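See the structures that follow.
Shared between the two complexes below is chain A, which pairs with chain B and chain C, respectively.
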Partner chain A sequence: MDPLIVAQTLNFAYAVISLLLVVLGLAVTLGWLGVMNLAHGEFVMLGAYVAVVTERMGWPFWAAIPLTILFCIVLGIVVERLLIRPLYSRPFDLLLATWGLSILIRKIVEAAFGGGYISLTVPVKGSLDILGASYPTYRILIMAFTVALLAMLLAWYFRSSAAARVKAMVGNPMLAQAVGIDTNALARNTFVVGTCLAGLAGVIIAPVTSVNPFLGLDYVINAFFVIIVGGLGSVLGLFAGSGIIGGLDSFVSAILDRTSAFFLVLLIAIFFLWLRPRGLFARN
Partner chain B sequence: MVYSRAIDILLIVAVLAVPTVLGDLWAYNLSLVYLYAIATLGVGLCWGQAGFLPLGQGMFLGLAAYMSGLGLIHVAGGVWGWLLVVPVVIVPGVLAFVIGLLIFRGRTESGPFFALITLAMTLLAFQIATAWNSVTGGFNGLRNIPDLAGMSDFTDRYYIAGVALILAVAFCMWLIEAPIGVVWRALSQNERRIAFFGYSTATLKAAAFGAAGLLAGFAGFLYAPQQNLVTPTLAGFVVSANLVIWAAVGGRGSAIGPALGAVLVGVLSTELRDGGGFGGGLDALWDFLARFWEAVVAGFFIIVVLFLPNGIAGLFAKLNASLKRLGRLPFRPILAPPVRTEGAAGPPALALSGCRVAAGEVRILNGLTLRLDRAAIYCLIGPNGAGKTSTFNTLSTELRMQEGEIRLDGEVISGAAADTLAAKGIGRKFQIPSVFPNLTIADNLHVALWGTRARLVSLLRPSLRRWDTPLLATLRERFPFLAQRDRIAGDLSHGERQVLELAMALAAEPRLLLLDEPCAGLSHEDTRQVIDAILWAREELGLTVLLIEHDMSLVREIADHVFVMHQGALLAEGDVAAVQADDKVREVYVGMAS
Partner chain C sequence: MTKRTKSLNLSRRQFVLASGGAAAALASPAFIRDLKAADEFKIAAFIALTGPASLFGPTQKACAELAVEQINAAGGINGREVKLIIADGGVAPGEAAKTAVRLMLRDKVDFFAGSHDSAVRQALVATFKGKTPYVYTPIYEGGECAPNTYVVADTPAQQIGTAIPWLYKKHGLKDCYLVGNDYVWPRVLNEHTKKAVAAAGGSIVGEEYVPLGAPNKFEEIVTRIKAKNPSFVMVTVIGAYNVVFNQTFASFGLDENITRLSALLEENTLLGIGKDNAKGLYGCMSYFESVASPDSEAFKKAYLAKMGDKAPQLSLIGTDIYAGINFAAEVTKKAGSTDAAAVAKAAVDLPFKSAVGTWVMRSNRHVDKTMYMGDASSGKLEVVETFKDVASGETCK
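Right, the complex of A and B next:
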């Protein structure tokens, strides 16, 4: 096969899958829990900074993964308790409070690390030979990691009773409590899972991007659009959404430029929000 | 009234005194802050009054600023430049109105989707402003925009911005006090209910968005000559976000709150940036605040969202309300014009034929056929789950009919929106009383009065708040609590709410009134009064009533005609005696009981 086509296909797959990596956490908090957390991108950004701290401490890159999970558990619990829980019934205010939180996090990080761009060493160097095309090993690893994460998430969703309990809680919290579901704990745990997924995404993408306080903002906007296009709460939708947004973004960026790509993504997002607000595959 | 006017005048004097008292630097800083405050007022109108959140106000601000800048550079300068105010204000206003109409049409909710659409639009606007190099000057923006006549020094710029802010606040106060403000607040509490009074909710919300566009346009018009520079940032996300934050901090619910928030945050941030510190031992604190200023604002914003939904202005709301009460002018009613009826006068002829409604497996209506053709009280009875309330919901198209047809006076009305039905003279009272809890009794009744009498444009006339009708006067005699104009509907007892909603349904003077268990949860005496009022309305107004009722003793007393429903279809009809003698009816009821 023509190595150029293979490389282009891999690029395309990488664009879609790395977007999916950021979307996963959002799918949990927004798709399952129904919490529109505008600070989600900042959680991703914090994960990336955990990787920065790890490197500065001289620890191996992979140590950042357990550290991020630890950090995100604490972060998730605190944010859920102080900010999200009082506002479940006030979606507008939730939107604004998490927005305030996103500014707060950005500014704190800026104060602590400065506003500049930080580059990390890629933990796995070299490239693999795939069908005649040479492709960076770490990018292949990112794709494999995302697929594994998604598989774990799906297994949890379909095999455990957690998903059913979350659905029951979101549908009717009072009734869920009445049948013995500890809704406070369940909502907190679900939010923490979403937060951890965000942090992990941040760690994983940190070596292939320039880490800066605005990192989350760039990723999360597209991630939100994926959810909008794909619809809430369906796995097929996540793939379709990531495919459309990520694919279009990388394709148009390649043949035209980044501005036109973002332009098109915005137009598609507006179209969906306006005419198909429940997304492509939303269930009734 | 008199006292709160005194406060307004004090504020105006304070605004005008700034250059003299505080000096040029303050005047310079504040003149930009005032323009942002004007745009923030628009966010306040949409969010605090009409109940939807615009996250893209910067888009209109940017559009106007670019129009103003380009106009001053290429079209007209000096004194003639002032004429630009007309297009620069109107274009964003009309654009916002049209966008609002397109988005809101066909949905009766104001969820986060609208906010996200406007957010995406403002991102788009930023992209356009950056990419369209030849017109906008690209990333560096439009530079060297000439001054407007009379806007050459800092003090002039300050006074123009100050007067503009005062005008903008006055505009908002007028809108908020006008009938349209009352209807907006009602809409933000219960959009579905408002539609049943004959309002097009999409148009109302688009009007609020349009008014916000006008305000952004006004601010943008002055921005270009004041700053002599317009960059894409103005149209982008960060400015839009800040406008929302300021509106929340100041208090979105009041006329002056959003402006207060913008000025307060603006002043504090410039003070911390350029100011000299607290003095004494507090300089460390000052340095900390100055360094983390934006984080401090963000934290403060979170606290406001969590604990102060009405912002800083909310803290003074009680004071303001009591000041208003102190100097209140006496109520001088004027006679409301008659209802604008479409279609024939006289008793309505309503016919449902073969209506089928199903949700999945469940058949809700199963070939229901009903006919109403005289001014009488029709009672709809039947066991639980027979489809009585569903019949009402099908009439008002909240349930979609798969088969069948509904005609009013021979014209097909199946699928018509709630406001169209109200305009054709169909009124509805819900099973659970749905008055507007944050409005006063008088405003609740007015919302009902205006719906079928006033056009959208006339909702801008304050005199409509003095409307009264002979019908309302009679209702006040029957139910004296209705005369307590300033009581908040949320404070009423359950019985009073039932009566208030009945009064609202009657005040709209429909030809056909759908009543869903109007006496549910009422005491014996209250039930008596409500029944008397319904009987009276039939006699006096020649009203046709279709009433769902469970209490057979009531049905016996008031029904001229009874429809018995069972499993989504008509089982029997006729006068009370005939229905009670019917074997099928007995079987259903007795069968249920055994």
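Right, the complex of A and C next:
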């Protein structure tokens, strides 16, 4: 098979899967919990900086994963208690509050690390030969990791009792409380899972991106398009959105050029906002 | 004689201030400002305080302040103390124009200097209308011939005209792929590149542009380049795009056999790209931190003495405004005023201090400069070739 076609197909898969990895946390906080966390990109950025600190301390790259999870749990709990919980019933104020949080996080990181770009050593160098095309090993690993993570989360979502409790709480909070479910704790834990997934994404993609305080903003743009297309409030919508946005972007970039690809993505977003504002799979 | 005149001036100033101070206690702040303005020479520097280039803000500010401190230590401009006003050049052109109007009318700025993008430059030039002199300092696409506007910035003739022939000869290059951000500077640079590549016996096998402001990924472009297999890639993407492009390029293994020249490869960007991804990567500009000359060492020493341990990384974007402010001082000193005709006359063949040595403003209101070829493969930009007194190639009357 023509190595160019193999490579561009792998690029397609990488574009969709890496976008999915980044919006996974948003699938939990927004898709499930219904919390519009505009600071989601900043949690991704924080994960990337945890990877930076890990490298500067001389520890192996993979140590950044548990460190990020720890850090995001602590930060997630604090943010949920102080910012999110008081504003659950006021979604627009919550939007503004999380946007303010994103500005705060960016400025703190800039004060601590400076505004410049930081490069990380890629943990697994070299390329793999796939059907005649040579593809960077680390990108293959990112795809494998994300698919595995996704499988785990889906298994948990469909099988575990904790997931059932969350579904109950999200479906009918009053009834859930009446049945004895601690909705406060459950909401907090779900939010924290969302921020941890964001931080985790940040760690994994940090070696293949430019680490700087504005890293999160790029992902917020894409996440916004994914939500418009996929639909607000549903996990399936976020997956569909990632597939369409990431896939279209990559496909048109490969066939034509990046300007056409971005133009088409914008066109699709405008089309959906105009004709189908609830997206493909909105929560009813 | 001079001493008596000086003390006369001082006591008159004191008298004016004393009586003015009494009135000023009751008057509006603008009144006080006008009094002080009579003695200070105001230079307004537009630098990147916000926006995508804001990472350069700290070093631009430090270099601008250093220039003003050195000028004041040497007696100011025609006896007047220089006051530096910092303005944000990283905002939308319309916003920058509004700030410029305020600075012209309310603050009565004497000289403007700008280290920002061309869109803002065009808005500022349209605002000044040649009334106040303005010096534009960073790297750009050439063609700025507005009256009372002086350019210290690197031009395409200086960058491309030196780097391409040298690289082609040194590495035996043949075909070239062009990748850039989609706006005026990369497009103009690429026009120069096409001519230079043709002159060196090469050909262009691809030309791509990626939008500014979009979240761009480069896997598809890099895969296309790999399929074309050129010997040389001219990289005119900037900032974070420059970092990600070069990282992606190297991760696909293209750095093994393909030489790259990046048009805006300065120290901060290289820090982001990293040593692992910089094999065969070059930059060509009028300033690198590693340039070793008595003047550049003296500048570095003064910069570090001023900024201490946490000194922002030195880069062309930063040292450019140092040169620009020094030009403003020298030309005003020679002209005796900031009258446009006097400044224009004084500016011809006028030498002034830059961070690497003496630069000379020519009659085309641009600077012929020494350019440096920087090899990035060690993770630091090391100067491997020096091109002396390269003409700016601009034809302003």
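Following the convention adopted for this analysis, the second predicted complex is superposed on the first by the 261 of 284 C-alpha atoms of A that agree within 3 Å, B and C clash if a C-alpha of one lies under 4 Å from a C-alpha of the other, contacts with A are read in each partner's own complex, and residues count from 1 in each chain.
Throughout what follows, a contact is a pair of C-beta atoms (placed from the backbone, for glycine too) under 8 Å apart; a residue touches a chain by one contact, two chains touch by 3 or more.
What you are looking at is a predicted structure, and each value in this text was computed from that prediction instead of being measured.
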- Query: Clash or fit: what happens to chain B and chain C when chain A is overlaid?
  - Reply: clash
- Who does A:146 touch here: chain B (first), chain C (second), both, or neither? neither
- Message: By the touch definition at the top of the document, which applies to A:242: first (chain B), second (chain C), both, or neither?
- Response: neither
- Dominant toucher of chain A (residue count), chain B or chain C: C
- Task: Using the touch definition from the top, say if A:100 reaches chain B (first), chain C (second), both or neither.
- Result: first
- Message: Tell me the contact category for A:134 with respect to chain B and chain C: first, second, both or neither.
- Response: second
- Message: Once chain A of both complexes is superposed, is A:234 in touch with chain B (first), chain C (second), both, or neither?
- Response: neither
- Message: For A:54, using the defined touch cut-off, is the partner it touches chain B, chain C, both, or neither? Pick first, second, both or neither.
- Response: neither
- Message: By the touch definition at the top of the document, which applies to A:87: first (chain B), second (chain C), both, or neither?
- Response: first
- Item | Contacts of A:190 with chain B and chain C, given as first, second, both or neither | neither
- Message: Contacts for A:119 in the overlay, against chain B (first) and chain C (second): which applies, first, second, both or neither?
- Response: second
- Task: Tell me which region of chain C runs into chain B after superposition, given the options 1-9, 37-45, 73-81 or 91-99.
- Result: 91-99
- Note: overlapping chain A surface for chain B and chain C spans 221, 259, 262
- chain C residues within the chain A interface of the complex: 52, 54-55, 57-58, 182, 208-211, 214-217, 219-221, 223-224, 226-227, 240, 243-244, 247-248, 251-253, 268-269, 271-274, 276-277, 312-313
- Message: Going by the contact rule set out above, which residues of chain A touch chain B in the complex?
- Response: 36, 83, 86-87, 91-93, 95-97, 99-101, 103-104, 107-108, 111, 221, 224-225, 228, 259, 262-263, 266-267, 269-270, 273-274, 277
- chain A - residues contacting chain C, complex: 3-4, 7-8, 11, 14-15, 114-122, 125, 127, 134-136, 138-139, 208-212, 214, 218-219, 221-222, 249-250, 253-254, 257-259, 262
- Query: Which residues, counting only chain B, touch chain A once they are in their complex?
  - Reply: 53, 102-103, 111-113, 115-117, 120-121, 123-124, 127, 130-131, 241, 244-245, 248, 291-292, 294-295, 297-299, 301-302, 305-306, 309
